[in-house]
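Got a structure for you, questions after.
Chains here go by letter, A, B and C, matching the order in which they are written, and residues are numbered from 1 within each.
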Amino acid sequence: MSDENIRKSSGINREWPVLIGKSWIYLFLLGEIVVFSYYGTGFFSAKNFQNVMVNSITIMLLAAGEIFVIISGGIDLSVGFVMGFASVMSAKMMVTFYTLGWNQNLAILMGILIALLIGFLPGLLNGFLVTKMRVPPFIATFGMYGIAYGFSEIISYNVPITKLPPGVGAFGNGYLLYYLPGKLLNWFSQPVGLARAEIRELVPVIPNIFVISLLIIFIFGFILSRTRFGQHTYAIGGNIDAARRAGINVDRHLMKVYMVSSLFASLGGIMYVLRFVNGRADAGSARMLDSVVAVVIGGASLYGGTGSMVGSIIGTFIIAILETGMVNLGIPTFNKYIYVGTILIVAVLIDQLFPELVRRGD
Amino acid sequence: MNNTKTSPGLLVKFGKNWVVFFLIVLCVLFSFIGKGFFANNTINNILLSSSPALLLAVGETFVIVSGGIDLSIGFVRGMVAVISAIVMRDLYAMGYSAFLSILAGIVIGLLAGLLPGLLSGMLIAKFKVPPFIATLGMYGISNGIAYGLCSGFPIINVPQEAGRLGNGHIHYYFSGLGFSLFNRPPGMLDSQLRNLVRIFPNSILISGLIITVFGYILARTRFGQHTYAIGGNIDAARRAGINVDWHLVKIYVISSFFAALSGVLSVLIFSNGSHTQFSASLELFAVAAVVIGGASLSGGKGSIRGSFLGVLILSVLEVGFLMAGIFAFYRYIAVGSILVLAVIIEQTFPELIYD
Amino acid sequence: MIEERKPILEVKNIVKRFGGLVAVNGVSMEVYPGEVVGLLGDNGAGKSTLIKVVSGVYHQDEGQVFFKGQEVKINNPMDAINLGIETIYQDLALAENLNVYSNIFLGREKLKKALGCIDVLDHKYMLTESKKVLDRLGIEIPSLKNRIKMLSGGQRQSVAISRSIFWNAKFLIMDEPTAALGVAEQRKVLDLVRTLSAQGVAVIIISHQLYDVFQVAHRLVILRRGEKVGELMTRETNPDEVVSLIVGAELVENSKK
């Protein structure tokens, strides 16, 4: 009874900080949008927000995989170069099949499928090293970072792979909906037979690759929060011994977790190819840090056990809007690295100093 | 009776020195595959190409022995290279003497290089941020600063004397004119340059001296002893009255200092200050070298001698690949695999590794 | 009444050595359904080692273990759990980041179909079923949606116990269950042990606090230097007699002289 009273009375002083602590990312995101809209030119526009969407795809995909690993108590440093590997791999396949005279859609599809299939391998190996060989996650994936990078440079011969089938860009830079105000509405492709003036007026709505990415992320968000697989991921990160004693096959589960991460990294590489119409080894090299930061901003603890997909998406947008907004204001983007590094440290500091403020788990 | 005693002893001896054997095997292998592997030039090349990795690895050894890791050193090196090149270039352009500009560039570069270590050390020691996160944050920050200062292009127009200093050798030998120290033999024509034999690069001398000093510190002094103690059991170290927090700050400053030193040397050798996104792969090489050299990532084990061997292996691999005509990027695969392999060996046969 | 039934657990002539040290030396004992047995002895007497043989942490060098009349080979903790032998550890058992009912169902989550085909967690079912078992054991926890992190030590222990009971543990091993608890919490855990016993669960309890053991145990087994030196019904003995057995009778007599 007295125990409860103490908790209640201290709750009065604690309530506000806790509320802010729990929702600071939303406030921060809102603040960013307000500041950039106020100071920037044309920042607060449908066109620009679609820009943000496209820019956020890579970080969002990498973060969606990373969140599983981080909740399980590990970390995957290889995602950036696994992404590069997948981009090189799928571009190479597309080019190869296309030059063999295949139908271009088939060539593109094969490129994507093969990259996805091979994309499991780094994760499988990471998981094997972490679980069976007891290699610490950041070392196993650090080694994989070197290995994946080496392979992609060898496949691409140290130059971006180009000359992809033309359909790649058409799809990758296409939109879900094209809308000509007051006149017509067309799904998936630009309507044909428009006058030049009309083309200028055409409003593209929601980038294709953003929709696809978001759809896949939604499915995995569901898996994380609603299914047994997700529950076990949290349990392993919370107390690996308890998970073992509860009969969870921890090794097999972690193996799958690292495979999810490398699958998402590969998706990132494929989306890169669709958007930029080339494949390159360093496609995601600078994005690994961004994805870890997005996950951590989103409330995940690097000690494992907490975090959420929604949080990671918000974290992604915080970074993507920062990036887009800085370009809009003419601030050189290198500053972004400084902010991102700083945010990472500050987020972990908050986690350390005020643990009760950041438990935004589920 | 005797037999059963010697055979595991031999195995352990082999295990403890597997790095040395591996190095020998590599050398033999490459001397078959590539031509002229044992030439003086090749050895100079190996020494030269290993010098940045060696410096980074020495700093990283301190960190890993203490039970941490420093992922920021590649970008810290790049940042310092850019800063010190800018200082040299600008002072020289303002009319200061080459000597003064270079000196100022070196000093300011080294000082700036201490900051990231100081910061990550504080975060790790005082605020209990996990080392790989604190230094990953520093990785982002130093990358941003360097990139901001150079926009991705090398800083050029540093005084020429910088290059002469960095590329100088201790001995020169020219048939007919004999040996000379530090400078080319006088009276030599530029057209004869090809026949000049250069012996032992200056940059190696400098690195060698500093590394020896720090090797001594780690192996022989109380500072080194405390580093091992903290890595072995941080609570025990605390209870024994060691000022662990302060010690850890010093460790990360040392690591940062070596990254800075390597950055400054790179300006002296290449006559420019360059920073790219791939500076980050240097920490992969440094960590790999330290781990190959017998350090444990859980702390408490490792030595400068071991790390030195680790770096040699990686450099022999690099130069060997080059001479054998193997595409350079296979190196990354090799290094990544060796890193993981070394950790597996350490996990599986802990008794085989240096103690 | 207890003696007439068959023992649920019986160990015979258990020997466990660590190198040259004999930690447990030829100990035999049995436990009957619904019985609470207090295992007593000085530090290093071999209590923990003996129960770790039963819970699958160690494997005995000699001797046999019978469970429900059958000889069993317990090679690891999972074997013991699958038989229905649960050990309550201080910290090992719960995922602190998950809530109470998720921990009770950890590894055996109840699923339901969403959209007719996707397996998702059935939170409602797990919550109500957990509530039932907690009520049955008389355990009070403010909300089963609270994470374990927010609970006190005693509450955590209750959750761990409910978890094993929910999954039909017939035999509980508790090594120093009250060591880390406050006085009020200790009493609650002892109450819980009595409730369990009344519901037919057998319990081995190790504790340094004689008073605790005397309150709940029906029978006492005393170990000294790895050997069983006494076995007494609680109501037929007193703390003095037990202490003299724990430290060695000769010693007590010597000091009297």
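Methods note: a contact is a pair of C-beta atoms (placed from the backbone, for glycine too) under 8 Å apart; a residue touches a chain by one contact, two chains touch by 3 or more.
Values in this document were obtained by computation on a predicted structure and should not be read as measured data.
With chains as nodes and touching pairs as edges, the resulting graph is an open line. Counted by C-beta pairs in contact, the busier of A-C and A-B is A-B. Annotation: 55 Å between the Cα-based centres of subunit B and subunit C.
Between subunit A and subunit C the centroid-to-centroid distance comes to 46 Å (mean Cα coordinates, whole Å). Rounded to whole angstrom, the centroid-to-centroid distance between subunit A and subunit B, based on C-alpha atoms, equals 34 Å.
Of all residues in subunit B, none touches two or more other chains.
Across the complex, subunit B meets subunit A through its residues 69, 123, 127-130, 132-134, 136-141, 143-145, 147-148, 151, 277-278, 280-281, 284, 287-288, 291, 297, 327, 329-337, 339-340, 343-344, 347-348.
On subunit C, the positions that touch subunit A within their shared complex are 77-78, 81, 92-98, 102-103, 106-109, 111, 114, 118-121, 142, 147, 152. Against subunit C, in their complex, subunit A makes its touches with residues 3-4, 226-228, 231-232, 234-235, 237-239, 241-243, 245-248, 305-306, 359, 361. Within the complex formed with subunit B, the residues of subunit A that make contact are 75, 129, 133-136, 138-140, 142-151, 153-154, 157-158, 282, 285-286, 289, 292-293, 302, 332, 334-342, 344-345, 348-349, 352-353.
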